[in-house]
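Pasting the structures here.
Okay, so chain A shows up in both of these, paired with chain B first and chain C after.
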Partner chain A sequence: MYAYDEIDRTLVNERVSEFRDQVKRRLSGELTEDEFKILRLQNGVYLQLHAYMFRVAIPYGTLATNQLRALAHVARKYDRGYGHFTTRQNIQFNWIKLAELPDALEDLAKVGIHAMQTSGNNMRNVTSDQWAGVAPGEIEDPRIWSELIRQHTTLHPEFSFLPRKFKIAITASDHDRAAIKIHDIGLRLIRNEKGETGFEVLVGGGLGRTPFIAKTIKHFVHGRDILSYIEAILRVYNQYGRRDNIYKARIKILVHELGIEKFSREVEEEWQQIRNSSLQIDDEVIEDIRSRFTYPAYEKLPHMPDELRQAAADPDFEAWRKNSVAPHKVQGYSIVTISLKPTGGPPGDATAKQMDALADLADQYSFGEIRVGHEQNLALPHVAKRDLPALWKALDKLGLATPNVNLITDIIACPGLDYCSLANARSIPIAQELTRRFANHELANLIGRLHINISGCINACGHHHVGHIGILGVEKNGEEVYQITIGGRADENATLGTLIGPGVKFDEVADVVEDVVEAYLALRERPEELFMDTVKRLGVEPFKERVYATR
Partner chain B sequence: MTSPLEQKKIRIAGPSVVTANRTWDGIVVYRTAARAWSAELSEAAIVRNSEEAKALLAEAVADDVGAIGPYIAPVQIGADGRIVPGNLREQIRRTGVTIGQPAQV
Partner chain C sequence: MPLVSGGKITGDGFVKLAVDTPLPEGGDILVPAERFLAEADALLERSGKVGVIWPNNRDIAELVPYLGKVAAVALVFPTFRDGRAYSQARLLRERYNYRGELRATGQVLRDQFVFMLRAGFDAFEVKKQADAEAFMQTAKRYSVFYQPTGDGRITALHRRMQLRHSEGVGT
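Now for the complex of A and B:
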């Protein structure tokens, strides 16, 4: 967990009272919507189809149980009893009343939660691996560095008025769970030959209208220089960034237009001028942040407790354990992923009741800590293995033990036309139908790792470009039409998917996905060959043939 | 979302209404002939040509305290005179999400 200091708390409280005053002036007509819009966006408030939407940051995806309970409370008191976890370690509430928003913000501020950096053309909350600090083999807890960057960039003038919004993600493991290659800046924590900690820096990733995979701009930046290096990137960006055209204003476009070599030369030049400035990080600063991240007092526990051995006889438990339980850096403990993708449910939604119950379970079994990942699932980061059977039973009762993590029904979907004012087509009902089609666990397991990502418009909030199967909703003559891509991925080998052919109608999407999956099952060389490997080996043609032969 | 200003250039193709979200709570509302906002589509003022649409929109835009983001949206009028939304987006705005919501808890 992380202990905020007094400065943060004061800042958050000031923001709440400021916003209360702004809302009051808005409701009295003293502020027009034009004047108010930027203020509400700074506090995470969007206008959606049905209501205001309120987006709350969960910095580096770490939540304490009192914070999760506060989110449940907001869902219950100010909304319709549920919240939606997004791909950016945020939670969104869909039905908030503007007049009640200051109260909701105040209730959240009491537990140190806020909505800063969730919207607007500023530095967005720095995201990180949801297994940070507990993943075996990670270089160091990446949240220490996320926090350093957060402190430096929050409200820093240079970062508050960027040409466009700006997103950074950090990973410290070989397997990238933070999708750093689709962020404006991606940081991979590494160690050089001398054993010093630093970063491989990637720049210019992003999806949306013009998707790009981030490119490596520097193979090693020493940890103490990371702020000056980021600052140098931002300066070059601020200098060139196209403020005249919002579609071209992202750093990915700049990197693409200048070319990575020229861009990195410019950054290097800028960096040499500032790297020995006050931006150089003192060891004490890092130590101070490091000391605020506390880890539980783990017990010395056996690798294979009796409870686990006994429970292994229950095939349902085993199915869940094999799917949702991952190794922990400490012997005798596990990381448990909690699927928010029940059959037939909207991906990423959790009810207030589930959130409260989960908070209780986290207190009982995970040292009071919950994590939020970018796949719209949650995790309990410190579960003793002996507690797994009891935890599973409790989760199952709450509808939170669907054993489908990383399987075809673990779908990432944006809110789409059911909520979003920018949408062209619905996303959630497509996801719901797909979870029903592939509800059979044996079938899903047979198919193996397969990520479906769905977006309701080109803004790509559902990351469709990097879905193994990507589904993009567009509108054609007043009808919802879906373009299907295959072969994308968001991990350390990030690639953009390839379109397989003309768009298909709403009712046909699930059939098409079934065809693609059947083609894969027929084409794979052996069961271990994953979908994306088959696509890589054979290209999209055989899939295209299969899908369009009968259409 | 299309801004009202851009929309002023747009010609309407059939019967239309002006819709927005109510400022204090965000719910979907429609501009009425009585220069007010109503949550009922049945109470919406119907405009049938671009001049009327423009006028209704201008009048709605002026009521910034009442509702935000007003724009012109198509409707259909049934034989019985009932007004129904003219596209899926407006239908979802009127009747809510198509996906079922988790039980209220």
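Now for the complex of A and C:
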């Protein structure tokens, strides 16, 4: 866990009082809605279809139990008793009243949580691997660097009014759980041949109406230079990024229009001017940040405790364990993913009651720590294996033990037309229907790893381009129409999906997905060949033929 | 539109010239970049001070040869959403060591003051009277800064190092 010091706390409090003043001026009419809009967005406040929506940052996906309880408190006191975890390690509350927002922010500030820059055209919440610091084989804990960058990007005096939003993600594992290739800047923590820590820097990834996979701009930037290198990228972008058209304003378009070579030359030139400045980070600074991350005092525990051996006889436990429990870097411990995708439920939602109960379980079983992942699930990062059976029982009682992590019903979806003023189509009801269609665990297990991502409009908050099956809702002649893609992925081999045919109506989406799955089951070479691999081997055509043959 | 300079509302000594306004005999003038570059010699020979209004889409490096001779540079915020002039300001101050007046013009509102001060602005054509009056109060809103800029305010990282070392002295 990272502990805020007096300096961090002061800044968050100053931000709250600034926002309180801004809300006051808006309510008194001193600020026009147009002026206020930018200010509220910089504090994570959107105006949605029915109410204000409030997006709170969970930097690099790490939460302490008192923080999760504070989120539950906000859900209960200022909202309708639940919150929605997003694809970028944020939580959203959908029914907030403007006049109460400063109080909600103040309550969160007490536990070191803020909503700075969770929307608006600035540097957004820095995200990372939800297994950071506990995943086996990591170069080092990427949260140290995430925190350094979080601080540097917070209220940046030069880059708070960028052409468009700007997202940075960091991973330190070979397997990328942070989706860095679909970020404006993706950072992969690596060691060079001299054993020095640094980053492969990728730039220009992003989804939306013109999706791009990020390209490598520099193969190695030393850790001490990472802030100056990021600053150089941003300075080039701030000056030359397009501001005439909101849909062409992301850095991906600038990189695309200039070409990665020219863009990287511009950045390099700028970087050479600033790399030997006060932006250079010495080891002491890194050590200071590192020293404020605390790690559990792990016990020496057996690899296979008796409790686990005994519980293996219970098929329900085993079904859950196989999908939800992952190896930990310390023997005798596990990382447990908590599915927020119950059958028939909206993906990523958690009630205040669940959040409170989960905080208690984290205190009891996970050294008081919770993680939030981009797949809209939570995780307990340090669970002793001997505690797994007891934890499972407790989770099950809370409706948090759906054994579907990484399976077809572990769906990513945006809020869609049920909440969002940008949406053209509903997302949540599609997800709900799909979780019902594939509710049979044997079937889901037979299908294996398969990610469905759903967006209710071209802005792609549901990451449909990189879903193994992607579903995009659009509006056509006043009707919701859904385009289906297959073959996308967001990991280290990130790829954009390919359209398999004409759009289908709301009622037909689940049928089409069933047909795609059926086609896969018929086409796969052997049960171990995952959906993604079959699509890669055969291409889209055989799927297209089977799915659209009868339509 | 009130001008804030040195932290206070003051009178504006500069007269703004358009591209085609006849050049006045004396007095201090602010001239659009295009005209300034075309008539630089003649303008700088006059007795009054000369400042330049530099658009946010023109490379600020073009102004470098004249920086020792101009009394003011006015950068433009066509809307407060458009943050290009923050980069220009930092380049002027931090790379080109410009020390004259650096003025923010356009849609300049209270909630940008701290950012602008940090980027190196020291004069502000403020859109609203109430915002201009609240300048000093607003400028003090924040006491913690995470990024090093040319304004010399101590950063959080730096402060932590100082605290560490001072704690270390006694032990």
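Methods note: the second predicted complex is superposed on the first by the 551 of 551 C-alpha atoms of A that agree within 3 Å, B and C clash if a C-alpha of one lies under 4 Å from a C-alpha of the other, contacts with A are read in each partner's own complex, and residues count from 1 in each chain.
Here is the rule we go by: a contact is a pair of C-beta atoms (placed from the backbone, for glycine too) under 8 Å apart; a residue touches a chain by one contact, two chains touch by 3 or more.
Worth saying up front: this structure is predicted, and the values here are computed from it rather than measured.
**Student:** Once both complexes are superposed via chain A, do chain B and chain C end up clashing or fitting?
**Tutor:** Because the two structures are overlaid on the shared chain, the partners are seen to fit without clashing.
**Student:** Could you say whether A:Glu14 touches chain B, chain C, both of them, or neither, answering first, second, both or neither?
**Tutor:** Second partner only, chain C.
**Student:** In the overlay, answer first, second, both or neither for which of chain B and chain C A:Arg426 touches.
**Tutor:** A:Arg426 contacts chain B only, not chain C.
**Student:** On the A-aligned overlay, A:Ser277 touches which partner chain: chain B = first, chain C = second, or both, or neither?
**Tutor:** In the superposition, A:Ser277 contacts chain C only.
**Student:** According to the stated criteria, A:Gln239 is in contact with first (chain B), second (chain C), both, or neither; which is it?
**Tutor:** second
**Student:** Which holds for A:Thr32: it touches chain B only (first), chain C only (second), both, or neither?
**Tutor:** First partner only.
**Student:** In the overlay, answer first, second, both or neither for which of chain B and chain C A:Arg88 touches.
**Tutor:** neither
**Student:** With the two structures laid over each other on chain A, which partner does A:Lys97 touch: chain B (first), chain C (second), both, or neither?
**Tutor:** First partner only, chain B.
**Student:** When the two structures are overlaid on chain A, which partner does A:Pro346 contact: first (chain B), second (chain C), both, or neither?
**Tutor:** Only chain B is touched by A:Pro346; chain C is not.
**Student:** So in the superposed three-chain picture, is A:Leu47 touching just chain B, just chain C, both, or none of them (first/second/both/neither)?
**Tutor:** Touch partner of A:Leu47: chain B, not chain C.
**Student:** Rounded to the nearest angstrom, what is the minimum C-alpha distance from chain B to chain C in the superposition?
**Tutor:** Least C-alpha distance: 17 Å.
**Student:** Of the residues on chain A, which ones does chain B touch that chain C also touches?
**Tutor:** In chain A, no position sits in both the chain B and chain C interfaces.
**Student:** Going by the contact rule at the top, pick out the chain A residues touching chain C in the complex.
**Tutor:** On the chain A side, the touching residues are 5, 7-8, 10-11, 14, 17-18, 22, 30, 35, 38-39, 121, 151-152, 154-162, 235, 238-239, 243, 273, 277-279, 281, 284-285, 288.
**Student:** Spell out the residues on chain A that touch chain B in their complex, using ranges where they run on.
**Tutor:** Per the stated touch rule, the residues are 26-29, 32-33, 47-52, 76, 80-82, 95-99, 345-346, 349, 351-353, 417-419, 421-423, 426, 428-429, 432, 478, 480.
**Student:** Help me check something: in the complex, which residues belonging to chain C touch chain A?
**Tutor:** Touch residues, chain C against chain A: 80-84, 86-87, 90, 95, 109, 111, 114-116, 118-119, 130, 141-149, 155-157, 159-161, 164.
**Student:** Which chain B residues qualify as touching chain A in the complex?
**Tutor:** Counting only chain B, the residues touching chain A are 1, 21, 23-28, 64-65, 68-69, 87-89, 92-93, 96-99, 101-105.
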